[in-house]
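Inspection log for the structure reproduced underneath, given as C-alpha coordinates.
As written, the chains take the letters A, B and C, and residue 1 is the first residue of each chain.
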Amino acid sequence: MSWAALLDYAAVLVFALTGALAASRAQLDIVGFAFVACLTGVGGGTLRDVLLDRDPVFWIAEPLYIAVAVLGAVAVFFTAHLMESRYRWLTWLDAFALAVAVPAGVSLAVATEQSGPVIIIMGMVTGCLGGLMRDVVCNEVPLVLKQGELYASAALAGAGGAVVALAAGLGEGMALVICGAVTLALRAGSIIFGWRLPVYKARPPRV
Amino acid sequence: MSWAALLDYAAVLVFALTGALAASRAQLDIVGFAFVACLTGVGGGTLRDVLLDRDPVFWIAEPLYIAVAVLGAVAVFFTAHLMESRYRWLTWLDAFALAVAVPAGVSLAVATEQSGPVIIIMGMVTGCLGGLMRDVVCNEVPLVLKQGELYASAALAGAGGAVVALAAGLGEGMALVICGAVTLALRAGSIIFGWRLPVYKARPPRV
Amino acid sequence: MSWAALLDYAAVLVFALTGALAASRAQLDIVGFAFVACLTGVGGGTLRDVLLDRDPVFWIAEPLYIAVAVLGAVAVFFTAHLMESRYRWLTWLDAFALAVAVPAGVSLAVATEQSGPVIIIMGMVTGCLGGLMRDVVCNEVPLVLKQGELYASAALAGAGGAVVALAAGLGEGMALVICGAVTLALRAGSIIFGWRLPVYKARPPRV
(Lines give C-alpha, C1' and ligand atoms only; values in the text may rest on other atoms or scores of the structure.)
Protein backbone atom coordinates (compact mmCIF):
# COMPACT_ATOMS: atom_id res chain seq x y z
CA MET A 1 0.00 0.00 0.00
CA SER A 2 1.44 3.37 -1.02
CA TRP A 3 1.96 6.30 1.36
CA ALA A 4 -0.84 8.18 -0.33
CA ALA A 5 -3.32 5.29 0.08
CA LEU A 6 -2.44 4.70 3.73
CA LEU A 7 -2.78 8.39 4.57
CA ASP A 8 -6.00 8.59 2.56
CA TYR A 9 -7.58 5.79 4.62
CA ALA A 10 -6.60 7.44 7.90
CA ALA A 11 -7.81 10.87 6.76
CA VAL A 12 -11.11 9.48 5.47
CA LEU A 13 -11.80 7.71 8.76
CA VAL A 14 -10.98 10.61 11.05
CA PHE A 15 -12.73 13.20 8.89
CA ALA A 16 -15.75 10.87 8.71
CA LEU A 17 -15.84 10.84 12.51
CA THR A 18 -15.89 14.64 12.57
CA GLY A 19 -18.66 14.64 9.96
CA ALA A 20 -20.72 12.24 12.07
CA LEU A 21 -20.19 14.45 15.13
CA ALA A 22 -21.42 17.46 13.15
CA ALA A 23 -24.45 15.34 12.11
CA SER A 24 -25.10 14.53 15.77
CA ARG A 25 -25.11 18.25 16.57
CA ALA A 26 -27.66 18.74 13.75
CA GLN A 27 -29.67 15.75 15.10
CA LEU A 28 -29.84 13.85 11.82
CA ASP A 29 -30.87 10.20 11.39
CA ILE A 30 -28.37 7.42 10.69
CA VAL A 31 -28.45 7.90 6.91
CA GLY A 32 -27.78 11.60 7.47
CA PHE A 33 -24.80 10.63 9.63
CA ALA A 34 -23.44 8.45 6.82
CA PHE A 35 -24.11 11.19 4.25
CA VAL A 36 -22.23 13.92 6.12
CA ALA A 37 -19.47 11.47 7.11
CA CYS A 38 -18.88 10.49 3.47
CA LEU A 39 -19.00 14.13 2.31
CA THR A 40 -16.45 15.17 4.93
CA GLY A 41 -14.32 12.04 4.62
CA VAL A 42 -13.83 11.99 0.87
CA GLY A 43 -14.70 15.60 -0.06
CA GLY A 44 -11.21 17.10 0.03
CA GLY A 45 -9.55 14.13 -1.68
CA THR A 46 -12.25 14.05 -4.34
CA LEU A 47 -11.71 17.69 -5.21
CA ARG A 48 -7.95 17.03 -5.35
CA ASP A 49 -8.49 14.11 -7.75
CA VAL A 50 -10.86 16.09 -9.96
CA LEU A 51 -8.43 19.02 -10.14
CA LEU A 52 -5.54 16.69 -11.03
CA ASP A 53 -7.86 14.88 -13.48
CA ARG A 54 -7.02 11.61 -11.77
CA ASP A 55 -9.21 8.90 -13.25
CA PRO A 56 -10.89 7.25 -11.50
CA VAL A 57 -11.37 9.24 -8.29
CA PHE A 58 -9.82 7.31 -5.38
CA TRP A 59 -13.04 6.04 -3.79
CA ILE A 60 -14.50 5.00 -7.16
CA ALA A 61 -11.41 2.86 -7.77
CA GLU A 62 -11.65 1.42 -4.23
CA PRO A 63 -15.11 1.67 -2.59
CA LEU A 64 -13.60 0.39 0.67
CA TYR A 65 -13.02 4.08 1.48
CA ILE A 66 -16.78 4.60 1.52
CA ALA A 67 -17.25 1.57 3.78
CA VAL A 68 -14.70 3.02 6.21
CA ALA A 69 -16.56 6.35 6.33
CA VAL A 70 -19.96 4.67 6.77
CA LEU A 71 -18.68 2.41 9.57
CA GLY A 72 -17.21 5.43 11.32
CA ALA A 73 -20.57 7.20 11.06
CA VAL A 74 -22.44 4.21 12.50
CA ALA A 75 -19.99 3.95 15.39
CA VAL A 76 -20.48 7.63 16.24
CA PHE A 77 -24.28 7.33 15.94
CA PHE A 78 -24.31 4.79 18.78
CA THR A 79 -21.58 6.27 20.97
CA ALA A 80 -21.72 10.07 20.62
CA HIS A 81 -23.99 10.40 23.68
CA LEU A 82 -21.12 9.02 25.80
CA MET A 83 -18.94 12.04 25.03
CA GLU A 84 -19.00 14.97 27.35
CA SER A 85 -18.32 17.72 24.83
CA ARG A 86 -18.93 16.71 21.24
CA TYR A 87 -17.68 20.05 19.90
CA ARG A 88 -14.34 19.56 21.63
CA TRP A 89 -14.00 16.05 20.18
CA LEU A 90 -14.94 17.44 16.77
CA THR A 91 -12.26 20.14 16.99
CA TRP A 92 -9.53 17.75 18.06
CA LEU A 93 -10.39 14.93 15.64
CA ASP A 94 -10.51 17.55 12.92
CA ALA A 95 -6.99 18.65 13.91
CA PHE A 96 -5.70 15.06 13.58
CA ALA A 97 -7.55 14.56 10.28
CA LEU A 98 -5.97 17.77 8.98
CA ALA A 99 -2.53 16.55 9.99
CA VAL A 100 -3.11 13.34 8.02
CA ALA A 101 -4.95 14.73 5.01
CA VAL A 102 -2.39 17.44 4.19
CA PRO A 103 0.44 14.89 3.73
CA ALA A 104 -2.02 12.67 1.81
CA GLY A 105 -2.59 15.48 -0.67
CA VAL A 106 1.11 16.32 -0.83
CA SER A 107 2.00 12.68 -1.44
CA LEU A 108 -0.34 12.34 -4.39
CA ALA A 109 0.81 15.62 -5.93
CA VAL A 110 4.41 14.44 -5.59
CA ALA A 111 3.52 11.10 -7.21
CA THR A 112 2.09 12.95 -10.22
CA GLU A 113 5.15 15.23 -10.37
CA GLN A 114 3.48 18.59 -9.82
CA SER A 115 5.37 21.83 -9.25
CA GLY A 116 6.01 23.21 -5.76
CA PRO A 117 3.08 25.64 -5.57
CA VAL A 118 0.68 22.98 -6.87
CA ILE A 119 1.97 20.47 -4.27
CA ILE A 120 1.26 23.00 -1.53
CA ILE A 121 -2.22 23.78 -2.86
CA MET A 122 -3.12 20.10 -3.19
CA GLY A 123 -2.10 19.60 0.44
CA MET A 124 -4.30 22.50 1.50
CA VAL A 125 -7.24 21.42 -0.69
CA THR A 126 -7.16 17.84 0.60
CA GLY A 127 -6.82 19.02 4.18
CA CYS A 128 -9.21 21.96 4.33
CA LEU A 129 -12.02 21.40 1.83
CA GLY A 130 -13.73 18.33 3.30
CA GLY A 131 -14.15 20.10 6.61
CA LEU A 132 -15.34 23.25 4.83
CA MET A 133 -18.05 21.26 3.01
CA ARG A 134 -19.11 19.70 6.33
CA ASP A 135 -19.42 23.09 7.98
CA VAL A 136 -21.28 24.72 5.07
CA VAL A 137 -23.77 21.84 4.78
CA CYS A 138 -24.29 21.52 8.55
CA ASN A 139 -24.46 25.27 9.00
CA GLU A 140 -21.56 25.46 11.47
CA VAL A 141 -19.09 28.36 11.40
CA PRO A 142 -16.35 27.03 9.06
CA LEU A 143 -13.32 26.09 11.19
CA VAL A 144 -11.11 27.12 8.28
CA LEU A 145 -12.33 30.71 8.48
CA LYS A 146 -12.56 31.22 12.22
CA GLN A 147 -10.84 34.43 13.15
CA GLY A 148 -7.54 34.11 14.87
CA GLU A 149 -7.18 30.33 14.46
CA LEU A 150 -4.31 28.67 12.64
CA TYR A 151 -6.03 26.29 10.22
CA ALA A 152 -5.34 27.07 6.57
CA SER A 153 -2.10 28.53 7.94
CA ALA A 154 -1.18 25.24 9.62
CA ALA A 155 -1.89 23.36 6.38
CA LEU A 156 0.16 25.89 4.43
CA ALA A 157 3.11 25.59 6.80
CA GLY A 158 2.97 21.78 6.77
CA ALA A 159 2.73 21.47 3.00
CA GLY A 160 5.42 24.13 2.59
CA GLY A 161 7.65 22.21 5.01
CA ALA A 162 7.27 19.08 2.91
CA VAL A 163 8.24 20.94 -0.26
CA VAL A 164 11.31 22.39 1.46
CA ALA A 165 12.26 18.96 2.83
CA LEU A 166 11.97 17.38 -0.61
CA ALA A 167 13.98 20.19 -2.17
CA ALA A 168 16.64 19.62 0.52
CA GLY A 169 16.94 16.02 -0.65
CA LEU A 170 15.11 14.24 2.17
CA GLY A 171 13.12 11.10 1.31
CA GLU A 172 9.38 11.25 0.70
CA GLY A 173 8.50 9.39 3.90
CA MET A 174 10.50 11.85 6.02
CA ALA A 175 9.00 14.82 4.16
CA LEU A 176 5.48 13.55 4.85
CA VAL A 177 6.26 13.05 8.55
CA ILE A 178 7.55 16.63 8.74
CA CYS A 179 4.44 17.82 6.91
CA GLY A 180 2.05 16.12 9.34
CA ALA A 181 4.05 17.10 12.42
CA VAL A 182 4.25 20.79 11.50
CA THR A 183 0.54 20.88 10.66
CA LEU A 184 -0.48 19.17 13.89
CA ALA A 185 1.87 21.22 16.06
CA LEU A 186 0.59 24.54 14.73
CA ARG A 187 -3.07 23.51 14.82
CA ALA A 188 -2.79 22.05 18.33
CA GLY A 189 -0.89 25.09 19.51
CA SER A 190 -3.65 27.26 18.16
CA ILE A 191 -6.34 25.24 19.98
CA ILE A 192 -4.46 24.95 23.31
CA PHE A 193 -2.44 28.13 23.56
CA GLY A 194 -4.43 30.36 21.23
CA TRP A 195 -1.53 30.86 18.79
CA ARG A 196 -2.70 33.11 16.02
CA LEU A 197 -1.72 35.43 13.23
CA PRO A 198 -2.71 39.07 13.52
CA VAL A 199 -6.10 39.62 11.87
CA TYR A 200 -7.06 42.50 9.70
CA LYS A 201 -8.46 45.35 11.77
CA ALA A 202 -9.92 48.30 9.97
CA ARG A 203 -9.70 51.68 11.64
CA PRO A 204 -12.90 53.07 10.04
CA PRO A 205 -16.14 51.23 10.86
CA ARG A 206 -17.12 48.36 8.60
CA VAL A 207 -19.23 49.70 5.73
CA MET B 1 -32.63 7.32 -26.88
CA SER B 2 -31.06 5.41 -23.99
CA TRP B 3 -32.68 4.92 -20.58
CA ALA B 4 -30.13 7.25 -19.04
CA ALA B 5 -30.84 10.03 -21.55
CA LEU B 6 -34.62 9.74 -21.17
CA LEU B 7 -34.43 9.80 -17.40
CA ASP B 8 -31.93 12.68 -17.54
CA TYR B 9 -34.37 14.81 -19.58
CA ALA B 10 -37.21 14.13 -17.18
CA ALA B 11 -35.07 14.80 -14.11
CA VAL B 12 -33.66 18.02 -15.59
CA LEU B 13 -37.13 19.35 -16.37
CA VAL B 14 -38.72 18.55 -13.01
CA PHE B 15 -35.71 19.71 -10.98
CA ALA B 16 -35.64 22.89 -13.08
CA LEU B 17 -39.26 23.53 -12.09
CA THR B 18 -38.34 23.18 -8.41
CA GLY B 19 -35.41 25.54 -8.94
CA ALA B 20 -37.68 28.10 -10.53
CA LEU B 21 -40.13 27.78 -7.64
CA ALA B 22 -37.28 28.40 -5.20
CA ALA B 23 -36.35 31.45 -7.32
CA SER B 24 -39.93 32.71 -7.08
CA ARG B 25 -39.73 32.42 -3.29
CA ALA B 26 -36.52 34.47 -3.42
CA GLN B 27 -38.25 36.96 -5.78
CA LEU B 28 -35.57 36.88 -8.48
CA ASP B 29 -35.94 38.21 -12.03
CA ILE B 30 -36.38 35.96 -15.07
CA VAL B 31 -32.64 35.46 -15.61
CA GLY B 32 -32.33 34.49 -11.94
CA PHE B 33 -35.13 31.97 -12.48
CA ALA B 34 -33.22 30.44 -15.41
CA PHE B 35 -29.96 30.47 -13.44
CA VAL B 36 -31.35 28.59 -10.44
CA ALA B 37 -33.37 26.27 -12.69
CA CYS B 38 -30.25 25.28 -14.65
CA LEU B 39 -28.20 24.87 -11.47
CA THR B 40 -30.83 22.61 -9.93
CA GLY B 41 -31.69 20.79 -13.14
CA VAL B 42 -28.20 19.80 -14.24
CA GLY B 43 -26.26 20.15 -10.95
CA GLY B 44 -26.52 16.57 -9.73
CA GLY B 45 -25.92 15.00 -13.13
CA THR B 46 -22.97 17.30 -13.76
CA LEU B 47 -21.30 16.26 -10.52
CA ARG B 48 -21.93 12.61 -11.44
CA ASP B 49 -20.32 13.11 -14.86
CA VAL B 50 -17.32 14.93 -13.40
CA LEU B 51 -16.78 12.20 -10.79
CA LEU B 52 -17.00 9.48 -13.45
CA ASP B 53 -14.75 11.62 -15.69
CA ARG B 54 -17.36 11.36 -18.43
CA ASP B 55 -16.30 13.59 -21.28
CA PRO B 56 -18.11 15.67 -22.29
CA VAL B 57 -20.58 16.38 -19.49
CA PHE B 58 -24.09 15.46 -20.66
CA TRP B 59 -25.41 18.98 -21.25
CA ILE B 60 -22.23 20.06 -23.05
CA ALA B 61 -22.69 17.18 -25.46
CA GLU B 62 -26.38 18.05 -25.89
CA PRO B 63 -27.33 21.66 -25.00
CA LEU B 64 -31.02 20.75 -25.44
CA TYR B 65 -30.94 19.91 -21.72
CA ILE B 66 -30.25 23.57 -20.97
CA ALA B 67 -33.08 24.66 -23.24
CA VAL B 68 -35.44 22.34 -21.36
CA ALA B 69 -34.39 23.82 -18.02
CA VAL B 70 -34.71 27.41 -19.28
CA LEU B 71 -38.16 26.79 -20.79
CA GLY B 72 -39.30 25.26 -17.50
CA ALA B 73 -38.04 28.35 -15.67
CA VAL B 74 -39.88 30.70 -18.03
CA ALA B 75 -43.10 28.71 -17.66
CA VAL B 76 -42.89 28.93 -13.87
CA PHE B 77 -42.07 32.65 -14.01
CA PHE B 78 -45.42 33.35 -15.67
CA THR B 79 -47.58 30.81 -13.84
CA ALA B 80 -46.24 30.51 -10.27
CA HIS B 81 -48.70 33.12 -8.98
CA LEU B 82 -51.54 30.75 -9.92
CA MET B 83 -50.39 28.16 -7.37
CA GLU B 84 -51.86 28.24 -3.94
CA SER B 85 -48.84 26.95 -2.01
CA ARG B 86 -45.58 27.16 -3.89
CA TYR B 87 -43.66 25.40 -1.14
CA ARG B 88 -45.98 22.38 -1.36
CA TRP B 89 -45.53 22.24 -5.15
CA LEU B 90 -41.79 22.53 -4.65
CA THR B 91 -41.75 19.64 -2.19
CA TRP B 92 -43.83 17.35 -4.37
CA LEU B 93 -42.10 18.18 -7.66
CA ASP B 94 -38.81 17.63 -5.87
CA ALA B 95 -40.04 14.18 -4.79
CA PHE B 96 -40.86 13.26 -8.39
CA ALA B 97 -37.55 14.66 -9.64
CA LEU B 98 -35.74 12.59 -7.02
CA ALA B 99 -37.58 9.47 -8.14
CA VAL B 100 -36.42 10.10 -11.72
CA ALA B 101 -32.90 11.35 -11.06
CA VAL B 102 -31.84 8.43 -8.85
CA PRO B 103 -32.51 5.85 -11.60
CA ALA B 104 -30.84 8.24 -14.09
CA GLY B 105 -27.68 8.15 -12.01
CA VAL B 106 -27.91 4.40 -11.50
CA SER B 107 -28.40 3.82 -15.21
CA LEU B 108 -25.30 5.75 -16.17
CA ALA B 109 -23.18 4.05 -13.52
CA VAL B 110 -24.38 0.66 -14.81
CA ALA B 111 -23.55 1.67 -18.36
CA THR B 112 -19.98 2.47 -17.32
CA GLU B 113 -19.73 -0.80 -15.36
CA GLN B 114 -19.17 0.57 -11.88
CA SER B 115 -19.19 -1.58 -8.73
CA GLY B 116 -22.29 -1.85 -6.52
CA PRO B 117 -21.34 0.80 -3.94
CA VAL B 118 -20.39 3.27 -6.69
CA ILE B 119 -23.72 2.64 -8.48
CA ILE B 120 -25.57 3.45 -5.26
CA ILE B 121 -23.54 6.60 -4.65
CA MET B 122 -24.01 7.83 -8.22
CA GLY B 123 -27.76 7.39 -7.79
CA MET B 124 -27.67 9.40 -4.58
CA VAL B 125 -25.38 12.10 -6.02
CA THR B 126 -27.54 12.58 -9.12
CA GLY B 127 -30.71 12.62 -7.03
CA CYS B 128 -29.72 14.68 -4.03
CA LEU B 129 -27.02 17.15 -5.05
CA GLY B 130 -28.91 19.37 -7.50
CA GLY B 131 -31.55 20.06 -4.87
CA LEU B 132 -28.87 20.64 -2.26
CA MET B 133 -27.20 23.27 -4.48
CA ARG B 134 -30.60 24.94 -5.02
CA ASP B 135 -31.25 25.13 -1.30
CA VAL B 136 -27.75 26.37 -0.40
CA VAL B 137 -27.81 29.09 -3.07
CA CYS B 138 -31.41 30.17 -2.35
CA ASN B 139 -30.88 29.99 1.38
CA GLU B 140 -33.64 27.46 2.04
CA VAL B 141 -33.24 24.71 4.67
CA PRO B 142 -31.78 21.83 2.59
CA LEU B 143 -34.54 19.23 2.05
CA VAL B 144 -31.85 16.54 2.11
CA LEU B 145 -30.91 17.40 5.70
CA LYS B 146 -34.32 18.09 7.20
CA GLN B 147 -34.66 16.19 10.44
CA GLY B 148 -36.94 13.21 10.37
CA GLU B 149 -37.54 13.21 6.62
CA LEU B 150 -36.70 10.33 4.33
CA TYR B 151 -34.74 11.94 1.53
CA ALA B 152 -31.19 10.65 1.24
CA SER B 153 -32.63 7.50 2.80
CA ALA B 154 -35.23 7.18 0.03
CA ALA B 155 -32.51 7.63 -2.60
CA LEU B 156 -30.33 5.06 -0.82
CA ALA B 157 -33.14 2.51 -0.67
CA GLY B 158 -34.07 3.08 -4.32
CA ALA B 159 -30.52 2.80 -5.61
CA GLY B 160 -29.88 -0.18 -3.34
CA GLY B 161 -33.04 -1.83 -4.67
CA ALA B 162 -31.78 -1.42 -8.22
CA VAL B 163 -28.43 -3.01 -7.35
CA VAL B 164 -30.21 -5.96 -5.69
CA ALA B 165 -32.54 -6.33 -8.67
CA LEU B 166 -29.61 -6.36 -11.10
CA ALA B 167 -27.74 -8.87 -8.95
CA ALA B 168 -30.87 -11.03 -8.94
CA GLY B 169 -30.74 -11.13 -12.72
CA LEU B 170 -33.56 -8.73 -13.56
CA GLY B 171 -33.20 -6.59 -16.69
CA GLU B 172 -32.00 -2.98 -16.47
CA GLY B 173 -35.38 -1.48 -17.36
CA MET B 174 -37.08 -3.41 -14.56
CA ALA B 175 -34.33 -2.52 -12.08
CA LEU B 176 -34.74 1.18 -12.91
CA VAL B 177 -38.51 0.99 -12.45
CA ILE B 178 -38.01 -0.63 -9.04
CA CYS B 179 -35.44 2.05 -8.19
CA GLY B 180 -37.81 4.92 -9.01
CA ALA B 181 -40.83 3.27 -7.38
CA VAL B 182 -39.01 2.57 -4.09
CA THR B 183 -37.59 6.09 -3.99
CA LEU B 184 -40.94 7.73 -4.70
CA ALA B 185 -42.87 5.49 -2.30
CA LEU B 186 -40.54 6.23 0.63
CA ARG B 187 -40.31 9.95 -0.11
CA ALA B 188 -44.07 10.32 -0.60
CA GLY B 189 -44.75 8.27 2.52
CA SER B 190 -42.43 10.59 4.42
CA ILE B 191 -44.25 13.70 3.13
CA ILE B 192 -47.80 12.37 3.63
CA PHE B 193 -47.56 10.06 6.63
CA GLY B 194 -44.45 11.47 8.28
CA TRP B 195 -42.47 8.22 7.88
CA ARG B 196 -39.06 8.74 9.41
CA LEU B 197 -35.96 7.13 10.82
CA PRO B 198 -35.16 7.75 14.47
CA VAL B 199 -32.91 10.80 14.78
CA TYR B 200 -29.92 11.12 17.04
CA LYS B 201 -30.93 12.50 20.41
CA ALA B 202 -28.24 13.42 22.85
CA ARG B 203 -28.99 13.15 26.55
CA PRO B 204 -26.61 15.94 27.64
CA PRO B 205 -27.35 19.43 26.27
CA ARG B 206 -25.76 20.37 22.97
CA VAL B 207 -22.35 21.89 23.68
CA MET C 1 0.06 34.96 -24.99
CA SER C 2 -3.43 34.01 -26.14
CA TRP C 3 -6.54 36.13 -25.58
CA ALA C 4 -7.83 33.57 -23.08
CA ALA C 5 -4.59 33.62 -21.04
CA LEU C 6 -4.40 37.43 -20.98
CA LEU C 7 -8.03 37.76 -19.91
CA ASP C 8 -7.55 34.97 -17.34
CA TYR C 9 -4.67 36.86 -15.68
CA ALA C 10 -6.66 40.07 -15.52
CA ALA C 11 -9.77 38.32 -14.19
CA VAL C 12 -7.77 36.38 -11.58
CA LEU C 13 -6.13 39.56 -10.28
CA VAL C 14 -9.28 41.67 -10.05
CA PHE C 15 -11.40 38.87 -8.58
CA ALA C 16 -8.60 38.16 -6.09
CA LEU C 17 -8.79 41.81 -4.99
CA THR C 18 -12.54 41.45 -4.39
CA GLY C 19 -11.92 38.22 -2.45
CA ALA C 20 -9.36 39.97 -0.26
CA LEU C 21 -11.81 42.80 0.37
CA ALA C 22 -14.44 40.28 1.44
CA ALA C 23 -11.80 38.74 3.73
CA SER C 24 -11.13 42.16 5.24
CA ARG C 25 -14.84 42.53 5.99
CA ALA C 26 -14.71 39.12 7.71
CA GLN C 27 -11.54 40.24 9.57
CA LEU C 28 -9.41 37.23 8.59
CA ASP C 29 -5.63 36.96 8.94
CA ILE C 30 -3.24 37.21 5.99
CA VAL C 31 -3.47 33.51 5.12
CA GLY C 32 -7.25 33.82 5.15
CA PHE C 33 -6.93 36.77 2.76
CA ALA C 34 -4.84 34.65 0.39
CA PHE C 35 -7.25 31.70 0.73
CA VAL C 36 -10.36 33.69 -0.18
CA ALA C 37 -8.47 35.63 -2.88
CA CYS C 38 -7.37 32.38 -4.56
CA LEU C 39 -10.84 30.84 -4.25
CA THR C 40 -12.45 33.90 -5.83
CA GLY C 41 -9.71 34.48 -8.38
CA VAL C 42 -9.49 31.01 -9.86
CA GLY C 43 -12.85 29.50 -8.77
CA GLY C 44 -14.90 30.31 -11.86
CA GLY C 45 -12.15 29.42 -14.32
CA THR C 46 -11.44 26.18 -12.47
CA LEU C 47 -15.06 25.09 -12.72
CA ARG C 48 -15.02 25.99 -16.43
CA ASP C 49 -11.88 23.87 -16.97
CA VAL C 50 -13.30 20.92 -15.02
CA LEU C 51 -16.57 21.05 -16.98
CA LEU C 52 -14.70 21.19 -20.29
CA ASP C 53 -12.37 18.43 -19.00
CA ARG C 54 -9.41 20.64 -19.80
CA ASP C 55 -6.30 18.94 -18.51
CA PRO C 56 -4.52 20.37 -16.66
CA VAL C 57 -6.58 23.12 -15.07
CA PHE C 58 -5.15 26.52 -16.03
CA TRP C 59 -3.47 27.36 -12.71
CA ILE C 60 -1.98 23.86 -12.37
CA ALA C 61 -0.35 24.30 -15.77
CA GLU C 62 0.88 27.78 -14.80
CA PRO C 63 1.10 28.45 -11.03
CA LEU C 64 1.89 32.10 -11.77
CA TYR C 65 -1.89 32.65 -11.59
CA ILE C 66 -1.78 31.67 -7.92
CA ALA C 67 1.12 34.04 -7.29
CA VAL C 68 -0.87 36.87 -8.86
CA ALA C 69 -3.86 36.15 -6.59
CA VAL C 70 -1.68 35.89 -3.48
CA LEU C 71 0.15 39.14 -4.27
CA GLY C 72 -3.18 40.89 -4.76
CA ALA C 73 -4.33 39.59 -1.38
CA VAL C 74 -1.19 40.81 0.37
CA ALA C 75 -1.53 44.24 -1.23
CA VAL C 76 -5.11 44.55 -0.01
CA PHE C 77 -4.17 43.32 3.48
CA PHE C 78 -1.85 46.30 3.91
CA THR C 79 -3.90 48.95 2.12
CA ALA C 80 -7.60 48.17 2.70
CA HIS C 81 -7.76 50.49 5.71
CA LEU C 82 -7.01 53.40 3.37
CA MET C 83 -10.29 52.91 1.50
CA GLU C 84 -13.31 54.82 2.60
CA SER C 85 -15.97 52.26 1.66
CA ARG C 86 -14.64 48.77 1.14
CA TYR C 87 -18.03 47.45 0.05
CA ARG C 88 -18.22 50.01 -2.74
CA TRP C 89 -14.73 49.08 -3.93
CA LEU C 90 -15.72 45.43 -3.77
CA THR C 91 -18.83 46.03 -5.89
CA TRP C 92 -16.99 48.01 -8.55
CA LEU C 93 -13.93 45.77 -8.75
CA ASP C 94 -16.29 42.85 -9.01
CA ALA C 95 -18.02 44.56 -11.94
CA PHE C 96 -14.69 44.97 -13.75
CA ALA C 97 -13.68 41.38 -12.96
CA LEU C 98 -17.00 40.17 -14.35
CA ALA C 99 -16.44 42.18 -17.53
CA VAL C 100 -13.05 40.47 -17.96
CA ALA C 101 -13.92 36.97 -16.83
CA VAL C 102 -16.95 36.53 -19.09
CA PRO C 103 -14.88 37.09 -22.28
CA ALA C 104 -12.17 34.84 -20.76
CA GLY C 105 -14.68 32.02 -20.49
CA VAL C 106 -16.09 32.73 -23.94
CA SER C 107 -12.62 32.77 -25.45
CA LEU C 108 -11.71 29.35 -24.06
CA ALA C 109 -15.02 27.82 -25.13
CA VAL C 110 -14.47 29.20 -28.63
CA ALA C 111 -10.94 27.77 -28.67
CA THR C 112 -12.32 24.31 -27.86
CA GLU C 113 -15.05 24.69 -30.51
CA GLN C 114 -18.11 24.46 -28.29
CA SER C 115 -21.66 25.15 -29.50
CA GLY C 116 -23.33 28.55 -28.99
CA PRO C 117 -25.26 27.69 -25.79
CA VAL C 118 -22.16 26.12 -24.22
CA ILE C 119 -20.08 29.20 -25.10
CA ILE C 120 -22.64 31.39 -23.33
CA ILE C 121 -22.75 29.14 -20.27
CA MET C 122 -18.96 28.99 -20.01
CA GLY C 123 -18.87 32.78 -20.09
CA MET C 124 -21.43 32.93 -17.29
CA VAL C 125 -19.75 30.19 -15.23
CA THR C 126 -16.33 31.82 -15.48
CA GLY C 127 -17.77 35.23 -14.66
CA CYS C 128 -20.28 34.45 -11.94
CA LEU C 129 -19.12 31.40 -10.01
CA GLY C 130 -15.91 32.70 -8.43
CA GLY C 131 -17.81 35.58 -6.88
CA LEU C 132 -20.60 33.24 -5.79
CA MET C 133 -18.07 31.00 -3.98
CA ARG C 134 -16.58 34.09 -2.30
CA ASP C 135 -19.97 35.24 -1.08
CA VAL C 136 -21.07 31.79 0.15
CA VAL C 137 -17.81 31.18 2.04
CA CYS C 138 -17.66 34.70 3.51
CA ASN C 139 -21.35 34.71 4.32
CA GLU C 140 -22.18 37.78 2.24
CA VAL C 141 -25.44 38.04 0.29
CA PRO C 142 -24.44 36.64 -3.14
CA LEU C 143 -24.15 39.56 -5.59
CA VAL C 144 -25.33 37.22 -8.33
CA LEU C 145 -28.68 36.70 -6.62
CA LYS C 146 -29.38 40.19 -5.33
CA GLN C 147 -32.89 41.18 -6.27
CA GLY C 148 -33.22 43.70 -9.00
CA GLU C 149 -29.54 43.80 -9.98
CA LEU C 150 -28.24 42.96 -13.41
CA TYR C 151 -25.47 40.44 -12.76
CA ALA C 152 -26.10 37.05 -14.31
CA SER C 153 -28.16 39.04 -16.82
CA ALA C 154 -25.18 41.24 -17.69
CA ALA C 155 -23.00 38.14 -18.15
CA LEU C 156 -25.70 36.52 -20.28
CA ALA C 157 -26.04 39.58 -22.50
CA GLY C 158 -22.26 39.93 -22.88
CA ALA C 159 -21.68 36.27 -23.74
CA GLY C 160 -24.71 36.28 -26.02
CA GLY C 161 -23.35 39.38 -27.74
CA ALA C 162 -20.06 37.60 -28.40
CA VAL C 163 -21.85 34.61 -29.92
CA VAL C 164 -23.90 36.90 -32.18
CA ALA C 165 -20.76 38.83 -33.19
CA LEU C 166 -18.93 35.61 -34.06
CA ALA C 167 -21.93 34.32 -36.02
CA ALA C 168 -21.97 37.66 -37.89
CA GLY C 169 -18.41 37.00 -39.02
CA LEU C 170 -16.53 39.41 -36.75
CA GLY C 171 -13.07 38.39 -35.54
CA GLU C 172 -12.57 36.85 -32.12
CA GLY C 173 -10.79 39.90 -30.69
CA MET C 174 -13.68 42.17 -31.67
CA ALA C 175 -16.24 39.70 -30.32
CA LEU C 176 -14.46 39.60 -26.96
CA VAL C 177 -14.33 43.39 -26.78
CA ILE C 178 -18.07 43.54 -27.46
CA CYS C 179 -18.63 40.86 -24.82
CA GLY C 180 -16.72 42.76 -22.12
CA ALA C 181 -18.22 46.13 -23.08
CA VAL C 182 -21.81 44.89 -22.98
CA THR C 183 -21.25 43.13 -19.66
CA LEU C 184 -19.61 46.16 -18.06
CA ALA C 185 -22.16 48.62 -19.44
CA LEU C 186 -25.12 46.66 -18.10
CA ARG C 187 -23.52 45.93 -14.73
CA ALA C 188 -22.36 49.52 -14.27
CA GLY C 189 -25.75 50.83 -15.33
CA SER C 190 -27.34 48.59 -12.76
CA ILE C 191 -25.02 49.86 -10.00
CA ILE C 192 -25.26 53.55 -10.91
CA PHE C 193 -28.75 53.98 -12.33
CA GLY C 194 -30.48 51.00 -10.75
CA TRP C 195 -31.26 49.35 -14.11
CA ARG C 196 -33.12 46.15 -13.42
CA LEU C 197 -35.37 43.47 -14.80
CA PRO C 198 -38.83 43.11 -13.28
CA VAL C 199 -38.69 40.61 -10.42
CA TYR C 200 -41.23 37.95 -9.69
CA LYS C 201 -43.93 39.29 -7.39
CA ALA C 202 -46.43 36.85 -6.04
CA ARG C 203 -49.92 38.12 -5.27
CA PRO C 204 -50.59 35.64 -2.43
CA PRO C 205 -48.28 35.82 0.61
CA ARG C 206 -45.13 33.71 0.54
CA VAL C 207 -45.96 30.28 1.97
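Basically, a residue touches a chain if its C-beta (ideal position, glycine included) is under 8 Å from a C-beta of that chain, and two chains touch if they have at least 3 such contacts.
A quick map from chain label to UniProt name: A, B, C = Trimeric intracellular cation channel family protein.
Keep in mind that what you see is a predicted model, and the values were worked out from it rather than measured.
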item: Proportion of interface numbers common to chain A and chain B (over half same, under half different); value: different
item: Fitting chain B to chain C on CA atoms, where both chains share a sequence, rotation angle to nearest 5 degrees; value: 120
item: Whole-Å separation of chain centres (CA-atom averages), chain A against chain B; value: 28
item: Residues within chain C bordering two or more other chains; value: 50, 53, 136
item: Interfacial residue positions of chain B with respect to chain C in the complex; value: 23-33, 35, 38, 46, 50, 53, 55-57, 60, 63, 66-67, 77, 80-81, 84-88, 136-138
item: For the chain B and chain A complex, residues of the former touching the latter; value: 50-53, 114-118, 121, 124, 132, 136, 142, 144-145, 147-148, 152-153, 156, 196-204, 206-207
